[in-house]
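Across the two complexes that follow, subunit A remains constant while its partner is subunit B and subsequently subunit C.
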Partner chain A sequence: MSEHAPVVVKPADHEAFKLPASLSALGLPLCIGGAIALFVGLGLGYSSVSAKFGMSAYLTAFMYCFTIVMGSLFFVLIQHLSRAGWSVVVRRVAELMMMMIVPLAVLFLPILATLFTGEGVLYRWDSSTFWADAHIADEVVANKTGYLSQGFFAIRAVFYFAVWCFLAYYFFKKSTDQDETGEKAATDQMQWWSGPAVMAFSGTLSFAAFDWVMSLSPMWFSTMFGVYIFAGSILSAHCAIAAGTYLLQSKGALKDEVTVEHYHDLGKLIFGFVFFWTYISFSQFMLIWYGNIPEETEWFFVRQQETWVTVAFVLIGLHWLLPFLGTMSIHVRRKPFLVFCWACYILVMHYFDVYWMIMPEAYSGIHGDAYATAGGAIGVVSSLLCVVGMAALLVGVILKLATQTKVAAIRDPRFRESMAFENI
Partner chain B sequence: MSLAIPNGLDNTVEKPGQRAPLVLGDTTYHDITETVCQVAERPPSKSWVAGFLVAFALLQMLGLTIAYLLYTGVGVWGNRSPIFWGWPIVNFVFWVGIGHAGTLISAILFLFRQEWRTSINRAAEAMTIFAVACAGTFPGIHVGRAWLAFWLAPYPSLNLWMWPQFRSPLLWDVFAVSTYGTVSLLFWYMGMVPDLATFRDRSTNKWRRMAYGLLSLGWSGSSRHWMRYEKAYALLAAFAAPLVLSVHTIVSFDFAVSQVPGWHTTIFPPYFVAGAIFSGFAMVLTLMVPARSMLGLEKLITIRHMDNMCKIILATGSIVGLAYGTEFFIAWYGQVGEEQFAFTNRAFGPYWWAYWTMVTCNVISPQLFWFKKFRTTPWIIVVITIFVNIGMWFERFVIVCTSLSRDYLPSAWAYFSPTWVDWAMLIGSFGLFFTLFLLFCRLMPVINMSETKSTLAKQYHMAHLDDDHAAATEH
Partner chain C sequence: MSASETATETVSESEKKIHGVTAEFTSVDTLLAACRRVRDAGYTKTDAFAPFAVHGIDKALGIKPTVLPWIALIGGVTGVTVALCMQIWMNAIDYPYIISGKPFISLPAFIPVAFELTILLASFGAFFGMWALNGLPRFSNPMFTNPRFDRVTDDTFFLFVDSKDERFDQAGVERLFADCGGEHIDTVVEDDSPTKVPSFLIVAWLVSVALSIIPLLIVAKMRVTNSSSPRFHIFFDMDFSPARDAQQTTSIFADNRAARPDIPGTVARGQVQDLSFTTGIEKLSSNAPKPSEHLVAFMQESDDSKTTGGAAQKSVMDTTVWLDKNPRKVDASLLERGQQQFGIYCSVCHGMNGGGNGLVNQRAQKLSQSTWIQPSSLHQETLYSDKYPDGKLFSTITNGIRKMPGYAGQIKAKDRWAIVAYVRALQQSQNASIDLVPQAKRASLEKEKAGVEKRLKEEAEEAQKKAGESKKDSPKPA
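Let's look at the complex of A and B:
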């Protein structure tokens, strides 16, 4: 352990804890630009390729943002649960991101609307012809449609969002109130509630994963699927926290508070979660491949046709191997710029992962459509506009929100500890 | 000079911003050395001798039943068609699971900078190794002709002209468990070297000095030694961390790659790992709670340590509960008849009693740890953790026996009944575990003295940082 430099905590109203003006100016343009891009992207896919394609691209963009937001929520909960000291200076970034669950609840409405505006626009189970053609016993159809029905699906979604919005709001409010009051009891309360909150989080996230993504292939099932979504969430959230913190610092905020040690830690966690994601996705694939039961292999079969097999190999090589090797070294993790680059890179790869989860269902060969070519050039443009638009919109909202708060939980009782800790 | 916080302080309460002490009382560096060394240096207590005699007798029972098994054949077990994997595999998986806490504590908690690991890691690592030894016994004798168990090793056998089946997860198990055992042993031993040197230096008798001298590899405590030691420790921790995941993942593959309903499910790998950590921590607590008071280690292994471990048990127990629920839900959601039958049969079939024992012990009993009273009262901890151990043994029993006993062919269905040999071996394996653990308590440094001292130093340093801060804000 090296000698500690004296830790000086700046006063709460210091410039270092305000959102830099250059970033706050971006808030509104990002919101407007993002909304337009999202609207154009969805419209383009919807009209130029197909309704199903447009909505699938929209769902992909939604799940991409949703997983990052949910990962951030989990990050905040787990920091309180483990009474973590190191992360206090970067926790506000995660807190701001987790609040995006509220706009995401609104952005979920178009997905919900597909159930009530046509037959099987997005979800195949939402169509009577699907069940009629499926050659399945009546009893099975009755059971499946009992769970996968418009009303029940909507009720569950409302319930999930209610839980998450409540959790996000509670932890955000407590933490931002503490900025003003400096009340230590708030930390105790957040610690106390983080336990039940993690329980509520894990149950609802698993079922949301089953409902929103797994049910795209109505007869397919995998008990691991919730964990798979979670693995992508926690990885991408750590990347987003690292990237967000770096951007804040590059514009002048938190200059002395976030040190190389925090990037080192985030880098280690990113490395660890790259491996965790691989572990979960490999286990899911391997067990289904090895078991070789048609009911289960269906999902991977579709994803091993034509374009999708390329995407699968991209995931193996560029979502696992490259970042795994790239973030392994201490020399990378202790250079904030490199951590930032890897974080951005993995955030791009995370989109491939979500894309590969969702889009093959829009273009699966099994039901007579052509094998995937992702809707041609228009499809690619539409997908990209959707995700960039939705992400920009949410970043804009985050920036708007951040102008009203501080960019660090400055009066958290462990703030000094967080500034002072050292890895080596 | 006293570095610690006065005795009697409740270190389970932590004011935010002020870390609770992990070493209690008026403890100095010297006190830590004395406290730990006296365990091995004073004559054995009556309770130790009594415990050792019981454990050693059980170990003899294991030895005798193994001899009987090898002499007679595996027919002495209850394994019958279609339940070819009976208790031996249940016991194997149970013991491998127990062996997960040690390496988690020493590797993953080390990487996560959890200071509280320092006073419990040594004993937990020892338990890991002893548990792996117990686990390794069962597949070794389950192969039938135990003298040919070396065929599992990947070499082209001249007798058979063939290699082991690389596509079988049973073979992966051989690699996974032996790697885990080797790395855990290395980790445990390497971490002990500085403390063994302390034992050597304090030895008053020639033989002890020679034995500890050999084991401590010429450790002199020079800063060069420490530098190398710390580097090696961090590297081994990094190697060991994925092993914590891999071992039980591969054990879960033994089941999950098959097409047996109730076995073939994708959540098995993380669910098995969580269950293993759950049972491992339970066993560590079952033994450490009585050991700490019998060996006089209360100031080093504090209530806070137990409180933390109880929380890990609560967390992993809840993960296991979520996995049970997910399995049940997906069995219904998937609408595959065999899968649904397997799960209904588990809960309401002939093994309902085993299933509900498992659920009560694994899912319900750890929920009591939501209450601080239960996490901080030693005897309650022992009772709950024993329940967890029972539950985790039953989990493996439920998985192995319920699925196999109801095969695809109803005419082959059967009910598994253990024989007296099954019982004797299960109980005897505890004899092996306890014998090794009691010997460890007498012969080795039960607490990592050097690391606990560094925790004490840090505790002192942090307290002074706070003083400086308080002084600075006053001015």
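Let's look at the complex of A and C:
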């Protein structure tokens, strides 16, 4: 490979660092099409199944995109924290994705709006009669409602988004400014701030997971839930980075900069995080299963009824075992196309994971409706329209953003090191 | 070596075995370049030494991909298999033991051990596999004979070509190294330092072996001797659990009872059951009282019946709407269970066939007990399901009747229903027509019937013959 030819860094205005025209042309159509699909999906679920179903499908789509975006943010932070050299050529892809936290803040507004319109449209605790109907002791209600109240929930959400938008903007701005100036000080500053940023990230992500997903089942609690969300998040982010980089390369950008070595590393991380996700989700399950205390088993009990148990087994077999075996071999990881295929596959499975996490709450409930399947064909169509629409919308925004920047952090002091990187 | 090259050594030098040729390089780049030259020259038995891991050196030296991942994989697969088999064998086969109410083979509980053992054996595979592939442990390496080689852990890079290489030619290799910019090109010679283990190491080893025997000797002595001093408890609360047993007292509660009675008005988790299932009484209507109220009413009723005697119980019996049908699904497995439970609890009085002549009855008859009341035959028409509904039969098993005690404490509700089903089968068996037997099985039944008839006939003939013979014979001795 590059062993005889020394590494040549192309000039900054080279075609390889610009978003290919075929992709930038997709930006606007994706934005418009995505927005329409999202709107139709939400409307279909809202009107044809139920308000709760529509909003749950919307929340599922939101959490799917949100976890990938947050994983990308973490990817950028951890590269700076560990002063990684290998990842510089693919870091901009992650940086572009993490900026999507800004449009996601806007897309969160419908979820926030459910709290102030109607009773328990999405969250069961958002209903004045919920606690009494569920026969929950006054003392517990007093403790719970202190945290799970509409106002405090909104304040927390605003705070989380403020932190994330700030972090994403700071790291994106520093990095893109460096493209122009090439000053090394920007890298030093980003490295210095990555430590506090990771701490702020982990705290806020955990609590956001508690607030937005775990509180769908208000009496259930798992301190591991934040880590569970994070595990799916970091896994899907690595997949999205690998898939995004591969797409860029297939359209002609970064042809010589990203090599098989980078796919090999991304493949290793995907392999590792597939097991990390399994480890975390099983740990959460096993403690609750072994303790077998009704307050704690409720969440898993609901997910072991009817269709949900099938989804649970799909997750075991197809979210863990298949990709675990599939990405184990070095020969797979060193073939960019196979890494791309596995990355896309895991991104699909990640949707199953999020769906299984959120959608059972749209029906179940110890005191709610009977267990039912996924709202029929209309429910499935509405859920898929929501997620495809939101993802397309965000990809469109990413492409719009990418036309204004380079697709790699070309003047990062470690850019040459990253290009010359070898695994073996 | 140039420093040590003295007149006396030149003689022994030529006798020493040459292992190969080595050269020094000052940077990674020159080392990698030299590696590629050596590889392209066709040498395969080569090695490079650096103070840190150098990516890309495998390819530069032309080293084939290692089989180490496969060894690690085999280790991991062995680990998961051994762990699962071990736990299944231990917990479900060799010593079946219920832990936390989980099944004997309870996969989620086995996974942590399986995971750990997978990691352990995969790591062992990688670590010891690496040893094996590198020919380790090796206490001495000819490279160490070169005093300059110490700097390989500091700031110098070495390249080595083994003399066992097919293309090895000392002068050629030295020339190649010089071309690549190698410095201090030396031959690597046999290590002639003494191979004898220093005596102080042997002494230290023997002493540690001797010392390690002492604890074993102490344990062995304690196992065969008596001691008057009390046993030493390392974990006192594990030897003497503070948990109370049933019927023990405690000072924690005012009533001094360690076993806590149920809190009035509550039902323990898992104890709420369909009332008609546990009583045999059908629910009266859909707006019947809530299960808890029903249960309380029922308990009060049965309490009353205890205090006021049989009369109250009788009135309950008479006015009750009994379940007509067995609430459990009646199939072969239920009947088998019922047969087994009937055999254990009922047959001692009622007989294996339900005819009312069990072993206890036979014994009582033999002793001519005047207070003995004959157990009912279950084949009376008044006990058939049209006159004596399933629910009533269930209730009789549960609460007892006349001299028969209630079996609620001994037989679980679902097993009592199995017995009910089996009793119905017994009753059916006395009145069954051939039409009830499936077509396919009739032939074998007919055959069996013919066999039995034939045998009975033969036995009867034989008895007749014998009787005839004894008649014939009897006059003789007389």
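Going forward, the second predicted complex is superposed on the first by the 417 of 424 C-alpha atoms of A that agree within 3 Å, B and C clash if a C-alpha of one lies under 4 Å from a C-alpha of the other, contacts with A are read in each partner's own complex, and residues count from 1 in each chain.
In this text, a contact is a pair of C-beta atoms (placed from the backbone, for glycine too) under 8 Å apart; a residue touches a chain by one contact, two chains touch by 3 or more.
Quantities reported herein were computed from a predicted structural model and do not represent experimental measurements.
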{"item": "Combined model on subunit A: subunit C and subunit B, fit or clash", "value": "clash"}
{"item": "Subunit B versus subunit C as contact partner of A:His14, first or second or both or neither", "value": "neither"}
{"item": "A:Phe221 touches, of subunit B and subunit C: first, second, both or neither?", "value": "first"}
{"item": "Touched partner set for A:Tyr290, first subunit B, second subunit C, both or neither", "value": "both"}
{"item": "Partner chain(s) touched by A:Ile330 [first = subunit B, second = subunit C, both, neither]", "value": "second"}
{"item": "Touch count on subunit A, higher of subunit B and subunit C", "value": "B"}
{"item": "Which superposed partner A:Arg416 touches (first subunit B, second subunit C, both, neither)", "value": "first"}
{"item": "Partner chain in contact with A:Asp188 - subunit B first, subunit C second, else both or neither", "value": "first"}
{"item": "Location of subunit C clashes with subunit B - one stretch out of 135-143, 207-215, 405-413 or 441-449", "value": "135-143"}
{"item": "Touching both subunit C and subunit B, counted on subunit A across the two superposed complexes", "value": "279, 286, 290, 292"}
{"item": "Residue ranges of subunit A in contact with subunit B within the complex", "value": "4, 7, 83, 85-86, 140, 143-144, 147, 184, 187-188, 191, 195, 198-199, 202-203, 206, 210, 219, 221-227, 268, 275, 279-280, 283-284, 286-288, 290-293, 295, 412-414, 416-417, 420"}
{"item": "Residues of subunit C that touch subunit A when the two form their complex", "value": "32, 36, 55-56, 58-60, 65, 69, 73, 100-102, 108-109, 111-112, 115, 269"}
{"item": "Complex contacts: residues of subunit B adjacent to subunit A", "value": "14-19, 111, 113, 242, 245, 249, 253, 256-259, 264-270, 314-315, 318-319, 322-323, 326-327, 330, 332-336, 370, 465, 469"}
{"item": "Subunit C partner contacts - residues on subunit A that touch it in the complex", "value": "3, 279, 282, 285-286, 289-290, 292, 294, 328, 330, 421-424"}
